[in-house]
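Below: a set of structures, written as structure tokens.
The two complexes that follow have subunit A in common; it is paired with subunit B in the first and with subunit C in the second.
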Partner chain A sequence: MTRDQESGARSQESASSFQLPASNRKHSLIGTSPQRIEGRAKVTGAATYVDDMQFGPNLLHGMLKHSPIPHGIIVRIDVSKARALPGVRVVVTGEDFPGYTGLYLKDRRIFALDRVRYVGDTIAAVAADTPEIAQQAVDLIEVEFEPLPGVFDPEFGASPEAPLIHPELGNYEAVPFIFPQPGTNVSNWMKVRKGDMDKGWAEADLVYEHKYRVPHIQHVPLETHVCVAQQDVNGKITLWSSSQSPFAQRNLIAKALHISHSKLRVITPYVGGGFGCKAGVSMEGAAVALAMNAKGRPVKLRMTREEEFYTTFVRQGLVAIIKMGMTQEGRITAVHNRFYWDGGASTEYGTNITRAAGYSGTGPYYVPNIHIDSLCVYTNHPVGGAMRGFGMPEIHWGIEQHIDQMAEKLGLDPVQVRLINCLKDGDETLTGMIMHPTGLSQCIQKAAEAIGWTSPPAPLLEGEGSHKRRGKGLAAMWKAPAMPPNPGSSAIVRMNEDGTATVSIGGVDIGQGALTAMAQLAAEGLGVKIEDVRVNTVDTDYSPYEWQTVASRLTWSMGNAVLQAAENAKLQILQTVAEAWNEDINDLDIIDGQVVSYRSEESRSLRDIAVYGMQRPDGTWIGGPVLGRGNFMPEYVTPLDPETGQGPRAVVHFTTGCQAVEVEVDEETGEVQVLKIVSAYDVGRAINPDMVRTQMEGGAVQGMSTALLEGIILQNGVPRNPNFTDYRIATAVDAPLELESIIVEVPQDDGPFGARGVGEHPMVPTAPAIANAVYNAVGIRIDSMPITSEKVWRELAKTRP
Partner chain B sequence: MNHDIHLIVNGEAYLLSVPAHHTLLQVLREQLVLTGTKNGCEAGECGACAVLVKWPGADHAEPVNSCMVLAPEADGAEIVTIEGLAHDEQLDPLQEAFITTGATQCGFCTPGILVNARALLDRTPDPSETEIREALVGNLCRCTGYVRIIDAIEMAARAGREVAR
Partner chain C sequence: MQPFDYLIPKDHAEASALLAAGGGSVRPFMGGTDFLIRARGGFIRPQSVVDLKVLPGMREIRQSPDGWLVIGAACTMNQVAAHPLVLAGYDLLAQACNSVASYQLRNRATIGGNCCNASPAADTAPALFCLDAVAETYGPAGARRIPIADFFVGPGRSALQLGEFLTAIHLPPAPTGACGAFNKLGRTKLGDISAVSVAVYAWEHDTETPRRDWRIALGAVGPTPLRAPEAEAALAADASPQGVQRAAELTAAAARPIDDIRASAAYRRAMVAVLARRGIEAVLAGIARAGLQAVPFGGVPAGSVSPTGVLREGRPEQMIGGAA
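Coming up: the complex of A and B.
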């Protein structure tokens, strides 16, 4: 079945008994690259972010009281001095809001009640007339602790000797696919068991085990978390929030505070970057709690850069122990992997990262015999949350270096080893799902070719006699959207009097270009020019439901809903015209905002039809304001067996890809310069190829930044580098000299025009590709991220006589 | 304690009463509601708050992190913010180039980078790629990977040279 027939079938099921003929699909806008529709607002400073909104002199300034210790019992909280300070309007603590919240596991309170579990844990919040008074009030809150021993390493945390961080784990509410282990620090244990391990090891010519480490990193959106909350006279609360998840915030905060969903409205204007840290809820509940006591005054809560580094979300740390068997010919026979995730003080979100690591735990390879344990471990570290890649950059750091190590030990070419083992159409994945058509082999081949895998290295930048050495490295990847089995999308396309269309969606443009991609899909589905489509930012009172802006799912899932809504609007218009003109609907079409008849050659602008309707020959009217609707929710994902991780369909699909890099390593200083990164991804179908490339470029540099520079330094739970001087991210000087992005298109059967997501994937294989290139250059294997100059220099020093 | 200061911002003269501890960034964003200038770190490390400042007696403007300037220090200065880069709806060639090349994603770092790039092209109309990279070292961007920002500045520099010819 072609993509066209299939999407026609979808319209038929959901919209009406009539199906638009396949010839109605021109694909004129799909695969083209119109400019970002909000570009002018962003380059002129006119784009409004939450902190730019004006709330008048009535605005109160919120501030949080954080725990200075990593683990301890709260013996006493005294807020009396803070309350007595002139200008302080609200002080709230855990006693006021004792409920639990969380996306996958309800293990987190808005304010710590009986104990604190990390440096930065929120104990209380204040709202005052000025930020200065709020700061004084926070300082006046007295908290007495009884310190407890901490857990600062996930392997230790999973052991029976470790002190318990959540003794109440057994009482927490969890979604059915998360498996907490009460009486331990393990909040999720994802198991994958397949085949016969003894047989797998026996068939191998080489069995090799190695341990890899990934530190905590921070997302570093340039806009820190910020929100404003206000309660009106009817008790209804409005939350203006810089969020990837306006609907999830409404859901989680309403439940935590025991208020009706219809009494909480979340508005999200432009968002200054997210990368996962603005998914779910972190500090927003505290702002709502303050507003509920602020007598109608709006309360702003904005994280400082220091707070952003460790009090909202971080990326979890990982210790990965990878054991692999391989034949002399390079075929993987068995994999035994243990992933110890440093989940932090709450794993409400992190538990599902652990799960994703489980069902993706072989990397993008066919492996017959598998034993994987992915353990989410509580530690007294900052709270782990979603970050671009959702566990995949972390596990691929080990897996993709391991493949290179195995290949070298067996004297094989790592590209050939990947091509032999990589998943192909119809292969069974580790969880028993049949792999859909995928361009993974193509991506590996194209990336290798573009980096000149088989050709000798180019001359050094500094010429002969230099202390620099060049190397090439490559890594492959896969990633599925990690989410519940039933995350929904919906869209509304409203026609305006002038024939333009307004698209309402619940997903957020966090910079990835969602507004523009949706405008393209709506324009294509309706038959209007892209300039005649407006796409709204989110207001949960007016926008249709969207689960979250995560998992690289919007183009695929929300795109389906938008395309369907546009086609639904088109169908309504054509039905009206067919009756008014007494024509067969199959002879009608909409082209650039004009309804045309191929039979009578009549034509009429949407301006005359879409709101006012049309007059029949007898003088009566039909039609009326056109309102197209669309929704999408995958209906085929199956549960997995809790003991084996096996099931027919673990996930909706996998986006696959490969990156190849060339580096120059300075043997005197250990400094690594990335010269070139080639990215090749199978995106199904690129709706906007240029924006797909911008995702690949930005992801590659973010991946490079984490590979070489980043890591939160935690000493006994205390973050030591929460600023941009001590936590460096890549600058324009660090960015590679050349980035090449290759789009591979093997269509997704249920994506709009075959599209699947690519937002997260470009940073997944970057770090191991760089590690492999560093090895190729100087023979040093750095198994612990980041690959700092210091580490490379130390390792090089060891090899010198 | 408050100070009275004179500022010229985007060509408009202001007499403002500013608290001694407020920064120029606060004055621009809170008193003048010129919110295009962003607050990214309040420590002079990210460049999101960059504006062009022509200090009293100076002959040209320089890019400054406005979070690092106390408002009273700016007395008498001429300031250009992102809102002052375009003239009469006519975008600066840099702004056009940023749209054309796709050099903005989330957009939060964009105002600071544009202002800084304008200063670069004013002093070096034909910068090399290395000069562009070095000029941007104080502006963090987490979305784009910088390559298109560099492309955009090169494109605007070419456009500027063509206008000059």
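Coming up: the complex of A and C.
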């Protein structure tokens, strides 16, 4: 597809007035891999993060008082001793800020008021002259609890016997597509009903059901949550925040504290990783609450690594019961899936994860008869939130192992079974949406080919007589951006006197490379060199609106806005030049910062014209400072029927892909060494292929880490490993010995140059692919993550006489 | 972390006096890699620390006139692991030091601190048990020497008395034909606390007979590091493949593991047998290799690849029981 066709499809407004011959686009930056524009600052240590910012001697240090028990009534809070401690400036509790907040369901307070619901629940906050005094003050806060029985398992939590964690659920405000069940612990019940289940089971030659488990996972960003809040003399609050969502933070905090959006400013400099945990709001509200009582002094709140593990956001746990019918030929006839999500003490964000699991609940397959229940269950566990994949790694853990189990029982090749059933262009998805053009089949074929699916495993590293066995496994995936139907993006492209461009955006580069991709799109749209484009980090007072940096949506959504803004600036410039030169705008173009005419062969640097304008032949002036604007919001997503989950368009699109792995299993110790991971994803169009590949590599390693190592160990609600000593993540020596990344490009009709997102997807199928490879190697099936050495050893021991 | 004072003692006697006068509130300080984690976590709240690194001899490795190797307690793991005298005669200890934490941490962590924390999972301990190390301490009553097996008293408890601190580790002269192998199993390949560790060591009994003496010591499978004497004796009598298997089983029988969040007791016991067998096989292979080469004196030639196949630095050449 040519760029012209695309820009026509994308936006009538910006591209209607001029057409460029395709031959003039040979200098395209799209599909090239310039270096990260912020890379030098980051690797030299020059980049500024929130904790690097200097606030002078007035800075106060905040600290939170966390609940030590998982569930209980707060009988008494006594902060008098903390307040009396010299150096303590502010102490706030739930009585000061009793309102509810939340992204999809307002079920959360900044501070617990009447009861605590998990170990780590915030009860009070202190700001003091030094961190040490703040710690002493927190220790001096006395809290008396009346312990309540807890819920530590989502299946039990959904049962009528379970104690209620949120008796007020019926009063909570929810967005229209979330369905709380008052009087229970179920804060969202997403249903998908399609076809005729009896018919589906009758047509099947095999019906098989199995239960799969996923633990809570931590994101483990290099930089923990940190923010500084300060209120000025006019009452305006500034929040410097390590955030994926400066605008969502402004929105949620302003509403929770009943202040005007214009009186809250969020500034986000460079961010040291997020993976979803810095989406929405977690501890930032407490910092603002402290600042509102700090008489103008700035208050810093920074989570320790230990706090990061269980007091901000974690990935929800999942119990998935998967039942599938398949014919002898390998065609899926019916699926009945039950997802019990361990949502934790608040599900303000997690409810939408359970919705995403519902509308994606078959995996990337065509299934005619469907019954899916995705239940978001309150538990007395840490609060579930967004994490890379947003429910998809969790449900695919079961679905993709189930496909392999079905195939084996029927004597079929799992690759062929996936190719038979995987969604193809025009297929109807489980919610009745028509599948857009997708390269899923290609991804499966290419991944299988690259891992050598049909050839035997390579010889063992240690040769004959070794206790090691090799195996291969594969898993496919799909994921849609999970978000409200109308999340907006906007962008501004400003021209400078020297002909360079400054791009303002509201999305955050959390390491994925958004700044560089936006610079490429702006340079391409405007016709300047990438080194002549600067992209700003976010300041809500000056940056245009962006919903959140989540859902793998920035390249697609914010990219559309940036490209439109760049083309809008270009149009303004060319209109000026056309009039000054008395030429047809269709004969003009901008190439490498030079306005050129294909008719008169005149050329002029942007340096002279982008701010000061141009002189007409009669000596008067035209033009002026160029300010391009662009925005994007999907306008076609439809609601789904609450009882059936059916509707014409559940989501904007699905990114699809497949991973194939080869492992070596030590039969004596149970250790799993991942030898190779092949990733193949349909990204629509790779704006920057190197960065697409680094996403695939990083996702594969993170997926492998969760598959083999990770999980928060919770005993009666108490996290037992909230530290790097006992929450192990893969390091470079644990990474696969080989990574191969394959880019498939089936264009997205409304993406910039056909692009769609790929940030989250590369860790979605990794864990089940490894589980399938372990089965292939040694014949044991691990259905609960992670696949620890000890679990493999234990299962292997069972198979021995 | 609550503030504390940092004290530099002028000599051993002052260090001892400071530690004795402070009771538990004055803590000895060397590399600080464990200390700072505990202080930051609030598990200990010291008033002050006494930096023992500065005392004479604490950071020295030397050979004594009677042929013993004396390693100052504040020598770092990397210092020990790279020292020519250690590599020449005590490769087993170099392997153990190289397995601790990460390279960066080994620039700080000390061999003495590893012992004084008295963790059953201390990675240098099984090697020191095999090498018949002797701890030298200094306290209010002066210097004394404690066999390493008596130095470890219980989880987190050493034989040190109030006001007493470790000054050096003494290793007897390396016997002829000595060869050792250290293997450990953790959840990740690098930096994890051992769920199980096994050191195996053998040397020629004397020059008259072909018999070998063996030592096998275990970490993380008891309240202290411990030896497996029945396995050692069995191996001395029979090092055939059947004998090796039997010794591995006897080693597992000597373990006294517990269940915790890192591993179950059953898994630990089973892994002791696996790592013991692999260690014994590696030692036998090392001896066979050394026999083919001209070895100047006891032990594996300096700078060679250790019998486990683990390179001294960087990525393991082969993965044996997760040791790296």
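Criterion: the second predicted complex is superposed on the first by the 778 of 801 C-alpha atoms of A that agree within 3 Å, B and C clash if a C-alpha of one lies under 4 Å from a C-alpha of the other, contacts with A are read in each partner's own complex, and residues count from 1 in each chain.
By definition in this document, contacts are C-beta pairs under 8 Å (C-beta built on N, C-alpha and C of every residue); 3 or more make two chains touch, one makes a residue touch a chain.
Since the structure is predicted, the reported quantities are computational estimates derived from the model, not experimental observations.
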{"item": "Touched partner set for A:790, first subunit B, second subunit C, both or neither", "value": "second"}
{"item": "Subunit A residues touched - subunit C or subunit B, whichever exceeds", "value": "B"}
{"item": "Touching partner for A:223 - first (subunit B), second (subunit C), both, neither", "value": "first"}
{"item": "Contacts of A:725 with subunit B and subunit C, given as first, second, both or neither", "value": "both"}
{"item": "First (subunit B), second (subunit C), both or neither touched by A:709", "value": "second"}
{"item": "Which superposed partner A:733 touches (first subunit B, second subunit C, both, neither)", "value": "both"}
{"item": "Which superposed partner A:261 touches (first subunit B, second subunit C, both, neither)", "value": "neither"}
{"item": "Partner chain in contact with A:669 - subunit B first, subunit C second, else both or neither", "value": "second"}
{"item": "Touching partner for A:295 - first (subunit B), second (subunit C), both, neither", "value": "neither"}
{"item": "Partner chain in contact with A:49 - subunit B first, subunit C second, else both or neither", "value": "first"}
{"item": "Contact residues of subunit A, present in both the subunit B and the subunit C interface", "value": "725, 729-731, 733"}
{"item": "For the subunit A and subunit C complex, residues of the former touching the latter", "value": "132, 135, 306, 461-462, 666, 668-669, 671, 673, 709, 713, 720-721, 725-726, 728-731, 733-734, 788-790, 793-794, 797"}
{"item": "Interface residues, subunit C side, partner subunit A - complex", "value": "1-3, 41, 185, 187-193, 261-264, 267, 270-271, 274, 315-316, 318-319, 321-322, 324"}
{"item": "Interfacial residue positions of subunit B with respect to subunit A in the complex", "value": "29, 33-43, 45-46, 48, 81-83, 85-86, 91, 95, 98-100, 102, 104-111, 114, 132-134, 136-150"}
{"item": "Of subunit A, residues touching subunit B in the complex", "value": "35-36, 38-49, 51-52, 54, 219-224, 270-275, 304-305, 510-513, 690-691, 694, 697-702, 723-725, 729-733, 735-736, 739"}
